[in-house]
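Should a chain be cited, it is by its letter among A, B, C and D, assigned in written order, with residues numbered from 1 in that chain.
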């Protein structure tokens, strides 16, 4: 599949908005939370995004934003005539009072721990995740430190 | 000879190894041997022999002589054979490994890395100690047999280093365990690690007498 | 023997860092595994939000202790993308040379750490002896050992010193001889192959799904290298090939992963030589480097261990608003129950060693 | 003059000059209570007492010789390993004793680090050993305390026992049992009990797996080991080390070259060398203490002198294994030039040990299932083939009488 066809097909999917090309081989889209799981399934099954590079949670104050980076490693998706591997960046906005979304760890096993990390450090709940525990911080740690409203004690002055 | 004085009778803790169930002298005497007064329980016998040997050596001045001869020998052995724990935390652990590589060859100083804390003398804390790691590191320290020493290797282990404003890094290893030698550097070079071990030698020789017949 | 859980770590010779692997064994066969991380979580991402953009190179240097330059480079690339900074050509060449030297040092570190896992301590010391050569080489331009802090936003710290090329060439020649020498000791050795072949198998499709990238993926025969596929610096202009190996049709084992890294080292030598040949004169630092940035940017690079991704969000101030680090080993370790199951207890070091773990980047 | 003869002379001397006069003095001190001093004095004056004393001397001499060798072997291992790895190894010099002298004399300490580390490192082992004495002996809280302390005793005593069992030559021998090699192999196979005991009693999973592996390995390698030795026993017609070496000394080959057992029984020699390597648990067969997965194997929980004695006992077993290999296959103390036979013997033993050190530092460790497969599927049939060959040789020997000269045993 070519990268241009992908863009056309992506525009047709319901819930996808703001499609833009931020680099030669990277598409950025916004996705609605309600249709996210269906869209992710389609991306994996039909569009050859078999690798989940990263799941980032950003605290935009007041809302949260989830950024998914998916990539195609096997070369099924071609970017024009180059050897480049295609990548897609998906933004999903979450409300602060209900930071939850469907888990994609059944699609990509690699997403499993990224989701755990997002839960651990940012407090996003992934519905349907098989094992949503803290991964980096010890059990019983209070709060989610990467949130902007997390306060901790630093003894010295700030630079 | 005053048998009840604490100084002469020594530290009851140390005598636990000799098989006595209790170390309290009065208690042993209270529930004394049943029946024949000549009979001694085995632990009482051992205790009696132990005390007799110790008191005799103390009274005759033998203890001083033995101590004076053996203490330097044991001290010599302790300081020339430091076996560190094979334990890496972060960057300095790589330099610790690099120090045993042929270019620096820390084995010249007699260092053998042992993987089990039971067989080690030196714990090298070579990186930042995080909150999650702290209890484990403390356990490792407690698992090591006496006498033991701790080397804080690198800025992170000394004070938290570059992670001074982190929410999960402890501000230095000396906040929760005794540290003998601090080696600054980020990361510590292998040469500096060797110097740290020589400093430890110096410290052992000057501060810590070897132990023999030392009850208190 | 009944089934039981064995906890390996955080202090265990197998771990190569600080993590715990709990394995459930039936006799000596592994039934289940449960990795646990976080003993080295230093909150680099949170600290990065309190520091200015150029200060964060100190933290990225300390992300992965075995290959610090590649991580700093990854961060620097992302910041340059965010700030839209042009890097001079000579700086790009120097960066490529440094990256490849660092990759050599990192792979040698891995090879050295892998040998004791198989009970071969001499191998470790041989590889570390060679690593020392490259550490000395990297020390020449950067002025520091192990954590170089050489990559800067908009270029590199300083130009290469005089005679660097000759010194590098001399060391590369020696290193190539030694690699040939080691072939007899390791890859042609019967016991070494007994320990590594048909152990820790996974297919390429599985690997991509589990988030395994880099040399481990190339060990499955998949021709994927971000130096080509998401090209950066001057990897396009240099003459080199992607190394792949296969243990069987589409799957990898410890031996193929070992061989991929050995091949990559040889390929790195080629890249360095070619870079020196083609390197132009010129400035090594961009003339305009802004302090503030806004918007968002990410770059992925081929770290020595796989796909490194830095995602940055700026809010117009001189500090990043959000900084996210993707570590290749994070997902690789998470998948370890998949490729450990069914093997023997003695295979754990052989398998976990062959995927090249670095906990510093993983725990962030 | 044999070792025993020497010891007997010494025993007679000591009994006559020291022991009997002292005991006599005690008896005369308080005649009504002369028991037991008087009886002892009588016994030491008799033949039995002197022979017993002589045995004690002989055993102690053999023990001292073995221990000296132990220090040398450990030193050799560390230095050769270092040289293989392109480094120098321990360098603690005898000059470091200067510091000891200062401390003993109570002088102010001086610091000459460079001088301390510019020797050959022979006293590094002494420092390690003495340090181990001063270390705390830890018994884990949940360990089985009795077995935890019994394990090292079984292992170490059975290993030290080995030292007095093999002769260094026909005159330098502390024991002269007719079934000498059988006793040696029996002593060898006591150790797994100690290993299993200490592995289980430590209440540590690594220790337990290490102990189990050790038991499995030693059990499966005992059989090919003994079978490969059987060929030698067939040729010599005896279990006695002295007879075996005499047979090899007399056997000649083409042009009168000595035919030590490793020539006719080459397969047996190879099998034996592999099996004894597994028996003394050295790389590539050191699974019970596989560092990579089992921390320190069955010694994980042992600290201080217990652990150090474990280490020493393993080297003693290595030394004893090399000695057995020398006696069985390399002609023992026989040699072409008129050098003292003890020197010949030690030379061969050290050659084998150096060969093992080279193996240890140049090959990886193999896996449990592979080691068992090797033992049962390859070495066992090979050792049986070796026995067949030896029987064949013994049977057809009369037809090659003119070129091969074997002693008449069958």
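Definition applied: contacts are C-beta pairs under 8 Å (C-beta built on N, C-alpha and C of every residue); 3 or more make two chains touch, one makes a residue touch a chain.
Since we're looking at a predicted model, the values are computed, not measured.
Asks: Would you say B-C or A-B is joined by more C-beta pairs in contact?
Replies: Between the chain pairs A-B and B-C, B-C carries more contacts.
Asks: Rounded to a whole Å, what is the gap between the Cα centroids of chain A and chain B?
Replies: The computed centroid separation for chain A versus chain B comes out at 51 Å.
Asks: Quick check: how many Å separate the C-alpha centres of chain A and chain D?
Replies: 64
Asks: I'd like to verify one number: the distance from the centre of chain B to the centre of chain C, where each centre is the average of its C-alpha atoms, in whole angstrom.
Replies: From the centre of chain B to the centre of chain C is 39 Å.
Asks: State, to the nearest whole Å, the distance from the C-alpha centre of chain A to the C-alpha centre of chain C.
Replies: The computed centroid separation for chain A versus chain C comes out at 24 Å.
Asks: Please list all residues of chain C that touch 2 or more other chains.
Replies: Where chain C meets two or more other chains at a single residue, that happens at 12-13, 38, 41, 43, 46, 50, 125, 129.
Asks: Give me the residues of chain A that touch two or more other chains.
Replies: 137-138, 145
Asks: Which parts of chain D, given as residue numbers and ranges, touch two or more other chains?
Replies: 85-87, 291, 295
Asks: Write out all the pairs of touching chains, ordered by chain label.
Replies: Those chain pairs satisfying the definition are A-B, A-C, B-C, B-D, C-D.
Asks: Under the stated contact criterion, what part of chain A meets chain B in this complex?
Replies: By the definition above, chain A touches chain B via 137-138, 141, 145, 150, 152, 154, 156.
Asks: Considering only the defined contacts, which chain C positions touch chain A in the complex?
Replies: Result: residues 37-38, 41, 43, 45-46, 50-52, 55, 204-205, 208-213, 217, 222-224, 226, 228-231, 298, 300, 307, 309, 311, 313, 321-322, 324, 326, 330-331, 334-335, 338, 363-364 of chain C touch chain A.
Asks: Which residues of chain C touch chain B once you look at their complex with the stated criterion?
Replies: 10-13, 16-18, 38-43, 46-47, 50, 58-59, 62, 65-66, 109, 112-113, 124-125, 128-129, 131-132, 135, 145-147, 360
Asks: Would you pull the chain D residues touching chain C in the complex into a rising list?
Replies: 81, 84-87, 205-206, 209, 212, 283-284, 286-287, 290-293, 295, 361-370
Asks: What residues of chain A sit close enough to touch chain C in their complex?
Replies: 25, 50-54, 56, 58-59, 67, 69, 71, 73-75, 83-85, 87, 89, 108-114, 117, 121, 134-138, 145-146, 158-159
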